[in-house]
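After this come two complexes, each holding subunit A, first together with subunit B and then together with subunit C.
Moving on to the complex of A and B:
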């Protein structure tokens, strides 16, 4: 007969029985093909104390008289699942939302998950994600609902089960994906300007009906302090207070105009404002350029003009 | 028409007032729910809807239905909802024993009245007939008998304090959600009032 699996908890004492043989049978045990230390035998049973993951393996027992293989056990040491961590989010409002979950502690053995979602008393189907096994998708059947959603995830394995429940309002889980295709271009003859543009996240299904507002942050690579500007009804912005000649790092975040929370920041991009080209001397009598080397520390920091946040129609605020 | 300057200004004002009220209400509602104490100020609190609240206009709507509303119907639904919600809020405010809270809610009721007037002016600027006032004070359906905000002289039995608090909880929640919905409604009107870019 085939190999049977035996699951046991980490730290427990385990008794391995050799099929249905009686207590008087004379048995030999092997683990992963090697003989077992006879001190752990109790009659035909194999006794393993305070097991750890290292006890995992294929255990085989043979009847001494015939040498026949009597039983094969795949021993799997693990733990019952602890309470899963569940998160739900709508990045496709108002079409729907998705929930993801994970176990905060490994169990070392296979787990199954079950998700149930209720709005008031009505159960909502959760469509398993084709790629991510710990993710499923649900529809908003109605909008502007005052009834909370209740999502419960139950984790189960051979050693036990555990569940977690979250309740939330429709609006509290609205969080778009970051803006896409962020670009930043220097503007010729404008050493302190950068033209930044981006696209609404393609996952956001109704940008006209549910417009997004954006948060742009930028800073010279050599500095830590960001400058921010919040923008509505636009997918571009001209930075007008860039430090001349300094490379900038730029990111954008998005949020529904009225509800939910800010997206993550977009992938950072880099750009340097336009700079006057240093033209080489055209004729011989031009005195040679005297080059002096100065260590950067002696160079006074750029005038703090870049510290002044951009004064645009939109107020510049700092995200706590 | 929507692109008429007065209509555009009126719509923008109504949108801005909606956003202002939304912000005011979220502060005021959490203050009041903290005043009521547990379980009302528990973020996961989701009590059943009892009799008194079934008459509160719910903002809940099917998405396609909502998207398909024409401008007039969209405005009429807002106007009607706030007219009823204001009435309930006024009755709730009268019952408040805390003078400070009563003062804040009275101020909020005045602002909410302003929103109703603002919606009516948008309708007028768009050439729609002014909406008939949906409810007469005495004729508020469902408010009498058991309703938490029973009109004087019509309540058969005064609701328990806990039931009244639950009704207040649902009133404030529905009002909050209406303000979110209105922000989307007026934003939609705003977008439609922009000249179509070629």
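Moving on to the complex of A and C:
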């Protein structure tokens, strides 16, 4: 017959029995192919004290008289699950929400999870996520409800089970994803301005009816203190108090106008405001450069052609 | 068939009207939420209170919000806020005469919310006019015979549902404003 699995708790004393053989049988044990120290034998049984993970392995027992393999046991040392940590969140309000869970302590053996969601007495189905095994998706059964949701996750393995329950109302779990495609551009001739733009997170289903407001924060790379501005009804903003010539780090967060909490910050982007082109130093003893067409000195600093040739040193680098 | 109970209302531009309505509903949501928290404290009720009782209070919960027509949105809102107006007047009366007789500031806060409810009723009626929808007549609520504790509970439930209704109205008006 095949290998049978035996689960045992870390730190416990374990008795390995060789199939159904009687106590008078003469047995030889091997673990992972190697002979076992005979001091741990008690008749045909193998006694393992205060086991640890290192005791994991394939245990085989043979009858001495025939040399026949009598039993094979895969010993798995682990722990029963402790209370799972459950979080529910809606980043697709009002379409639905998802719940995720994890075990704060490893069990070293396979675990199964079961989630039940209730709104008042009505059970709501949770669709398992196709990719993440500790995640499932639920629809808001009702909107604008004062009845709370109750989500219970039960973790189970061969050594025991444990569960955790959270209760929340529809509004408190609303947390959008961060804004997307954040860009920041210098504005020619404006050494203290940066034009920042972003897009509503694509996961947010109805921005017209469920508008988001935004929180922009920016600071020179060399400083720690952020400057903040909260914005509604817009997906762009012009920073007008930037320090000339300093590289800036910029992030944006989003929140439903009326409920829930702020998203995480967007991926930071960097940009430096526009800077005047530095004119090359002119020495007395060096004759001015005479070009065949027009001499640069005859072009007034502020004429557009001169401006055009002044390359903007700074270009916004966008980290998608 | 509902007869038109309001005529002669000036119809302002639709965009302007719904933008104003959104702001009013948003403020009502915020103030009703604050009043709800204050009510819990002043009445010594538990923060996790979730009274599964109705007392004839309009519940904002709906499972088919997206499919509602414009008329259904406005009509259900109007009916709800008219009911809230009379419920809040009863709540204010109970606070003044029984549950919290000395707390004038709290009474004022309830009165302020009543005024805001009336303003939302006004703007809904204007919206219905602007959409050529008949404005149904209002019939007064039947007073219920409740114990003191039931009245205390009901007051909380009124404010809980009112804040949810106000939020629903923000979404309704935003939805109507898109058209």
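The definition used in the following text is that the second predicted complex is superposed on the first by the 280 of 320 C-alpha atoms of A that agree within 3 Å, B and C clash if a C-alpha of one lies under 4 Å from a C-alpha of the other, contacts with A are read in each partner's own complex, and residues count from 1 in each chain.
As a convention for this text, a contact is a pair of C-beta atoms (placed from the backbone, for glycine too) under 8 Å apart; a residue touches a chain by one contact, two chains touch by 3 or more.
Not measured: the values here are computed from a predicted model.
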Query raised in the report: Mind checking subunit B and subunit C on superposed subunit A, clash or fit?
Result: clash
Requested in this report: Go through the superposed model and pick first if A:102 touches only subunit B, second if only subunit C, both, or neither.
Outcome: neither
Report task. Using the superposition described at the top, list the residues of subunit A that contact subunit B and also contact subunit C. Result -> 94, 141-148, 167, 171, 208-211, 257-259
**Report entry** Interfacial residue positions of subunit A with respect to subunit B in the complex
**Finding:** 94-95, 140-148, 150, 167, 171, 206, 208-211, 257-259
Report summary line: Note: in the complex, subunit A contacts subunit C through residues 94, 120, 141-148, 167, 171, 208-211, 257-259
Report summary line: Given the complex, residues on subunit C that touch subunit A span 26, 29, 48, 50, 52, 59-63, 65-66, 157, 160-161, 164-165, 167-168, 170-171, 174-175, 178
Query raised in the report: Given the complex with subunit A, which residues does subunit B contribute to the contact?
Result: 19, 22, 44, 46, 58-63, 66-67, 170, 173-174, 177-178, 180-181, 183-184, 187-188, 191
